[in-house]
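Chain IDs A, B, C, D and E follow the sequence of writing; residue 1 opens each chain.
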Amino acid sequence: RKQITMPEECVSYLDSDSVSWVDVQGLGNEDILQRLGNVFKLHPLLLEDVVNVPQRPKVEDHESQLVVIARMVVPKEHKIGFYSEQVGFVLGKNYLLTVQEEPEHDCFEPVRQRIRQNKGTLRKQQADYLLYTLLDSIIDGFFPVLEDYGEEIEDLEAEVVSNPTRKTLEKIYRVRRDLLTLRRAIWPQRDAINSLIRDGSTQISESVRIYLRDCYDHAVQVLDMVETYRELAAGLMDVYLSAVSNRMNEIMKLLTVISSIFIPLTFIAGVYGMNFNTERSPWNMPELNWYWGYPLCLVTMGAIATLLVAFFWRRGWFENSSTVVDDPEG
Amino acid sequence: RKQITMPEECVSYLDSDSVSWVDVQGLGNEDILQRLGNVFKLHPLLLEDVVNVPQRPKVEDHESQLVVIARMVVPKEHKIGFYSEQVGFVLGKNYLLTVQEEPEHDCFEPVRQRIRQNKGTLRKQQADYLLYTLLDSIIDGFFPVLEDYGEEIEDLEAEVVSNPTRKTLEKIYRVRRDLLTLRRAIWPQRDAINSLIRDGSTQISESVRIYLRDCYDHAVQVLDMVETYRELAAGLMDVYLSAVSNRMNEIMKLLTVISSIFIPLTFIAGVYGMNFNTERSPWNMPELNWYWGYPLCLVTMGAIATLLVAFFWRRGWFENSSTVVDDPEG
Amino acid sequence: RKQITMPEECVSYLDSDSVSWVDVQGLGNEDILQRLGNVFKLHPLLLEDVVNVPQRPKVEDHESQLVVIARMVVPKEHKIGFYSEQVGFVLGKNYLLTVQEEPEHDCFEPVRQRIRQNKGTLRKQQADYLLYTLLDSIIDGFFPVLEDYGEEIEDLEAEVVSNPTRKTLEKIYRVRRDLLTLRRAIWPQRDAINSLIRDGSTQISESVRIYLRDCYDHAVQVLDMVETYRELAAGLMDVYLSAVSNRMNEIMKLLTVISSIFIPLTFIAGVYGMNFNTERSPWNMPELNWYWGYPLCLVTMGAIATLLVAFFWRRGWFENSSTVVDDPEG
Amino acid sequence: RKQITMPEECVSYLDSDSVSWVDVQGLGNEDILQRLGNVFKLHPLLLEDVVNVPQRPKVEDHESQLVVIARMVVPKEHKIGFYSEQVGFVLGKNYLLTVQEEPEHDCFEPVRQRIRQNKGTLRKQQADYLLYTLLDSIIDGFFPVLEDYGEEIEDLEAEVVSNPTRKTLEKIYRVRRDLLTLRRAIWPQRDAINSLIRDGSTQISESVRIYLRDCYDHAVQVLDMVETYRELAAGLMDVYLSAVSNRMNEIMKLLTVISSIFIPLTFIAGVYGMNFNTERSPWNMPELNWYWGYPLCLVTMGAIATLLVAFFWRRGWFENSSTVVDDPEG
Amino acid sequence: RKQITMPEECVSYLDSDSVSWVDVQGLGNEDILQRLGNVFKLHPLLLEDVVNVPQRPKVEDHESQLVVIARMVVPKEHKIGFYSEQVGFVLGKNYLLTVQEEPEHDCFEPVRQRIRQNKGTLRKQQADYLLYTLLDSIIDGFFPVLEDYGEEIEDLEAEVVSNPTRKTLEKIYRVRRDLLTLRRAIWPQRDAINSLIRDGSTQISESVRIYLRDCYDHAVQVLDMVETYRELAAGLMDVYLSAVSNRMNEIMKLLTVISSIFIPLTFIAGVYGMNFNTERSPWNMPELNWYWGYPLCLVTMGAIATLLVAFFWRRGWFENSSTVVDDPEG
C-alpha cells in the first residue's frame, strides 16, 4: 500500500501476478482521470460512468473489465444525516480500481485495516473477493445511518404526541426526504448486486457469488427498513396533523367555556346598568329598588354559571386531555 | 430429550440413525455458538446467518445442509402486543438444529408435548417433517397475535366514533406500527416457504412438500389479514380526523349560538346604559323616561333572542349529533 | 334428492354411475365430518381445509379428488350487508361433496330448482358441470350484494353533500370495511377459478373449462366493481372532510359577522356609559349634553354597521352556500 | 345498406361473397336476439356475452367466430359528461354483426359515411378491416370526451384557487367518478385489442394486425390521459381543502383582529361605567372627576388600538391574500 | 448542411453514399409533409405517427425504415417551466429524417455544432449513430429542466415553512402538474429506447446499441428524479396543510388569550356598573360605598388577569412558534 500521484505508476501493478487495489479519492482533476482511463484501457463510455456524478448504481460488463457504480453513505457525526458519495469500481484480471467522488468520508477503513493486519482470508483472495468485501462494507454502511433514522423516528413519535410544534413537522419532512434519498440509492444497488450474481460474468468466481448473495440479502434488508421507516414517517405526519387538530380543539373548548359562561352574565349586568327612569313608572326596572335586588341578581348569575359549568362538565370538556402526555403507557 | 450444555455432546447424535432435535435457546455465548458451528460443520456464512440478529427470513441451501431463518411472534399476556424473535433452523440428514434468539417465549411447546406424548405421526417421521411442524407452529403463532389486533381494531372502531381522544390516536398509530412489523416478518417468510416448496432441495421429501404447501397457504392467509387490518387502521385514522373535525364543529356551533344570541342583547343593554343627558333635549334617550320603556326593552330583547333561536333551530344546530353515539345501529 | 343424516349412507351413491351431490350444511358436528372424510377417503389435509374456517379460497388437486374452497356471500334482507360463508367442494369421479359453513342462507336454491325441475342441461352433465354451476352461482351471488353497495354509495353521495353528519361518516367507513371484506373474498376466488382453467386437472373436462372461463370473467368483473366502489368510497371520505370544513367555515362566518358588527357598537355604547363628571370640565364627555347627542350616536352606530355589512357583502359572505343543496344539478 | 326488422332476412347475406355489416341497435327484444343467435349460429355463452349488459370488454375466439365486447362513449352535448354503451361484435368469414346497447348515440356515423360515399379503402377490404375501423372509431371516441374533462379540470384549477365553493367540490368529485368509469371502460379494452394482435386468431389478417397496433397505441394514450387527469383531479382536491383552510384562516384573522382590538377598549369603557361612590373616598374612581379625565381615557384607548393594529400589521395579517386571485401569474 | 424548401430536393441525398440528416421544423404545411412522405416512401400509418401530435413516444420498425417518436423538453428562459415538443425520427439506410412539432426551441444545437466543427466521431458514423446522438441530447435535455424543478422544490420547502401563502399552494400544485407531464413524456420514452436496444432491429448496429444502453440509463435516471420530486412535492403539500393548521392555531390562541383575560374583567366592570339602589337596602351593592371599593376592585381584576396569564404561560401559549423560522437549523 502506497500513495501514488501519477496514474502511469500503476502500469507495473496491472501486469503483476498479485492483486492490486488502486483507490482514487476525489474527482477533481479531469486530466488525471483521463490518463487513468488510458492506463486501465477503459472504454470511453465506462470512464464517463465512473467519473461523472451522479450516476445510477449499475453494473456494466465490458469484455475483460467489469464496471460497478455504487453509492456509499457515511453517517454525519453528532447529528442526524449522512454524506452520500458515488464509488466507481473497475474490476480487471488482477486489479481493482475504485474511484470515489470525494476524498473525505469513506467506509472502507475496516477493509484497509484487515489488509494491513493480514487478518482474515482477504489477502489470499482474488480481486473479485476484494470487490465483494468493498460492496459489502458499502451496504453495511447503510445500517448505522438507518439506525439513526430509526431512533429519530422514535424520538419524533414521542414528540408528536407530547409537544408537536412546527419544528416537529420540519423534522418529519426532513426524515421523509432523507429516506427517499436513501431508497433512491439502495434500490438500484440491490438490482446491480443481483445482476452481478445472476449474469454469468466471467470476472466473478463461483465462490464469490455465494458471498454476494449474502450481500444481496443485506441490501434487501436495507430496502425493507427504508420502506418501513418511510411508512412510519408517513404515519407520523397523520398523527401530527391530528395532534394539531386536537390542540385546536382544546383551545376552542377553553374559549367556548369562558365565553359561554361570561357572556350571559355580562348581559345581565348590562341590563341592570341601563338607565331607565324608575321614577316615571313602577315597570321601569323595579328590581333596582328591591331590598334583595342585588343579592338576588348575584345569586341568579351564580346559578347560571353553575348550570353552564355543569353542562360542560357532563360533556367532559374539563377532562384535560393534555395530561395524557404524562401517562407512560399513553 | 435432555438438557446439554456443551456443543460437543451433540456429536454422537449427529451420526445416529434416529432423528435429533437440538434446540439452542438464546444467542448469548458467542464461543458456544462458534463451537456449535464446528460440530455441525456449518459454512461460516450460514453460521453468521443463524447467530446474527435481525436477519430477513430466508432459505439457504448449502450442500448437505438446509438453513432456514424464520421469525416467530408470541403474543404478550394481559395486553396487546407481541414478542418477536428470530429462529434459525439447520436441517441435516437426521438432525435439526434450531437456534432461538431468546430463551423465553417460544411457540414450540405444543410440538414438544406431541413428541413427549408420542402422539400423532411426528415421532415416526424424518427431520424434514419436524422442520415443517415447527415452521407450521411459527406461522400458526401469528393468528392469535392477529386476532388480538382484530379485536383492538374493533374496539378502536367503537372508540373513534363514541369518544375519540388523543389516546385513541396513539393506539391507532401503535396498531399501524405493529402491523407494519408483522408484515415485515411474514412477507419474506412466505417467500421462504415458497422457495422451500419449489426449489428442488434434496433435504425436503415430496410428502413433506405437500404439508409445506398447507403451511404456505396459512402464511398467505396471515399476510391477507395483515393487509386488511392495515387498511382498516388507515381508514380509522381518517375517521378519527373526521370525528375530531366534527367535534370542533360542535364546539364552534355552541360558541356561535351563545355569542350570536347575547352579543346583540348586550349591545341593546349597553345603549340604554349610556348617560346622555335626557334633560337637555327631548331627543336624548327619551325611551328612558317612557312609562313602558323597560318592559318594551325586555320584550324587544326577548323577540330578538327568539328570532335567533328560531334561525338556529331551522338550520338544525340544536340536533345534538353527540346523541348518535347511543344509537346501537350508528 | 333426499335428506340423510349418517355419512355412511352416502357410500352406495359414490359407486353408482349417476352423479351424486352431497350437500353438508353446517360444520357443527366434528364426528360426522370425520366419518364423512373416511367415507369419501379424503386426505387429512384436504379434510382439514374443508372443515376449518376461515380458509382462503383455493384449489387443491389431489389424485382422484379436486378440492375447491370458495366463499359465498348472501345479501341481508331489508338492510345493507351480507352473510359470508365458506363452502368446500370435493369433486370426485361421479360425485360432488359440498360442505357449507352454516345451515342457513345459501345461493344454491336456483340450482336445486333447476335440478328438481329437470330444466336446462344440468341433469345430463357430469359432476364437473355441477361444480361449475355452483361456482357460477357463488360468483353471481356477489352482484346483488355489490349493487346494494352501489346504491348505498349513491345515497351517501347525496347525503355527504346535502347533510353530512357523523352518521354519514360511520356509514362510509362501514361501506369501506365491507368492500375490503368482499375484495378479500373475491380476489383469491378469481385466482382459484383461473387455476382450475389453466392447470390441467383431469377432473375438469374441456367443455366445462369453457364455461369456467365465463365464470372467471364474472369474477374479474366483480373485482373491478369492488375496486371502483372502494375508490368511490375513498373519494366520499374526502368529500365528507371537505363538507365538514365548509360547514365550519359557514359557522365561523356567522360568528365573525355578528361579532364584528356588534363589538364596535357595544364599545361605543360602553364609552357613553362612562361616568366621567361632565360638570368638572367641558372636556369630560360634552357629547352627553349635546342637544343631538343621542341621535348622532345612533346614526354613527348605524353607519358603522352599514359599512361592515357592506364590507361582508362585497366579500360574498352572505351568499348562503347551503342553498346549493337544493339545486338539483349541484 | 338497408333497414331490416326480421333476423331471418340476414341469412342470405351470410353466404354471399361480399362483406355484410349487420348493426343491431338496442337490446330491447329478447326474442329477436335469440333468433339472431340462431341465424348466426352463435354459441349460447357468446350470445349471452353479446346481449347481456354490462359486460367487461374482452375478446372470445370461438371456432369460426370472433366475439369482441367493447364499450363506447359518446360525449353529451352542451354539458360535461358522456353516454356509455356496450357494443358486441361478432366477426364471421364475410360478415360483421354489431349489437349496440341503445339505439341512440353511436360513434359509427363517420364510418357509415365513408361506406356510403365509397371513400377510402374501406369498401375494398374484408370484414376484419371493418372491425378494426369500428374499434378505432370507438377508441378515438374517447378523445373528445377526455378533452372535455381536460378543459373542465383547467376550469376547476382556476375556480379552486379564485373562488372555491361547495359546488367546486362536487364538480371535482364528479370528474373523479367519471374518470374512474372511463378507466374501467378503457383498461380492459386495451387488453382486448392487445390480445387481438398477439393471439393468432385466424379471423384477423396480418395487414389488419398492423392497423390494430395503431389502435392499441391510441388505447394506451387514452389510458395515459385518464391516469394523468385522475392525478390532477386528486391534486385539485388537496388544493381545494387547502383553499378552504386558507379561507377559514382569513375569517379567523378578521374575527381575531376586531375582537382583540375592541375587547380591551370595551373593558376600559366598562371600568369607567362603574358606579363606585366617588364622594365616599378619594380612592374611588378619582379619574371621573379629573379635568382631563375623559380625553385622557380616549387617548389611552387610541394608543392601545394603535399598538394592537401595529402588532397585527407586523405579523402581516392585513396583507389580504385574496388579492392574489387577481394576479394573472398567480 | 443547407436550407431546402421543397421535399423533392431531398431525393438525391437519399441515394447518395454519405449520411444525410433532413430536419423538418414545424408541422404547419400538410401538403409539404404529404410530399415528404412520398419522397421517403413512408407507410401511411407511419407518416400519420410522425405528423400527428400529440403521439405517445414509441418505436415502429417497418421493413427498411425505423420510426421513433420522441418528446423533447426545452426549459423556458427566466422562469420555471418548459416547452414540450414532439420529434419524429425516420431512420433509413443512409439518411435520418427528423420532424419537429415547432420551429423554435430545440435541443439539437450542440449536435449541429459538433457536425459543423467536425468534432468528435460524429461525422464518421452512420445514420444510426446520429439517431443515438439526437435521442441522447433529448434525454439529456430533461436534466436542466428537472434541476429547475429541484431548485423550485427547495425554494418551496423554505417558503412553506417560513411563510406559507395561497401562492405557495398554487406553486406546489403547478410543480406537481408539470412533473406529471414530464413523467408522461419520459416513461414511454424509456420503454421506446429499451425496445430499440432489445428488439433486433437491423437498422441499429451492435456498437450503437451499446451507446443506446447508456442513453437508457439516463432515461431511467430522469424517471428516478421525476418520481423523487413528485414524492417531495406531495410531501410539501402535507407540510403546507400542517403549516396552515399551525397558523390557525396561533390565531386561535391569540383570540383565546385576549378573550379569556378580558371577558371576565369586563363582567366585573359590568357588575359594578349596575344601578341597584344602594339607598334602599344595605345589601344593594354596598361595595360601591366602601372606602377602598374601587382600588379593591382594580386589584381583584389585576389578580384575575395575572392568574390567567400564568395559566396560559404554563401551557406554553406565549412561546411564539413563529420565531422558529429564523432558526437556521429549523
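We adopt the following convention: a residue touches a chain if its C-beta (ideal position, glycine included) is under 8 Å from a C-beta of that chain, and two chains touch if they have at least 3 such contacts.
All figures in this text were calculated on a predicted structure; none of them were measured in a lab.
Undergrad: Moving only to chains each one touches, count the minimum steps from chain A until you reach chain E.
TA: 1
Undergrad: Overlay chain C and chain E by their C-alpha atoms and let me know the rotation angle in degrees, rounded to the nearest 5.
TA: My answer is 145 degrees for the C-alpha fit.
Undergrad: Would you mind pulling out the distance in Å between where the CA atoms of chain B average out and where those of chain E do?
TA: Chain B and chain E have C-alpha centres separated by 37 Å.
Undergrad: Could you list the positions in chain C whose residues touch two or more of the other chains?
TA: Expected reply: 241, 245, 248, 252, 255, 259, 263, 266, 270, 273-275, 285.
Undergrad: For chain C, which residues are in contact with chain D within the complex?
TA: 157, 161, 210-211, 214, 217, 220-221, 224, 228, 231-232, 235-236, 238-239, 241-243, 245-246, 248-249, 252-253, 255-256, 259-260, 263-264, 266-267, 270-271, 273-277, 280-281, 283-285, 315, 321, 324, 330
Undergrad: Would you pull the chain C residues touching chain B in the complex into a rising list?
TA: Touch list, chain C to chain B: 45, 48-49, 54-56, 58, 163, 165-167, 169-170, 173, 176-177, 180-181, 184, 188, 237, 240-241, 244-245, 247-248, 251-252, 254-255, 258-259, 262-263, 265-266, 269-270, 272-275, 278, 285, 287-295, 297, 322.
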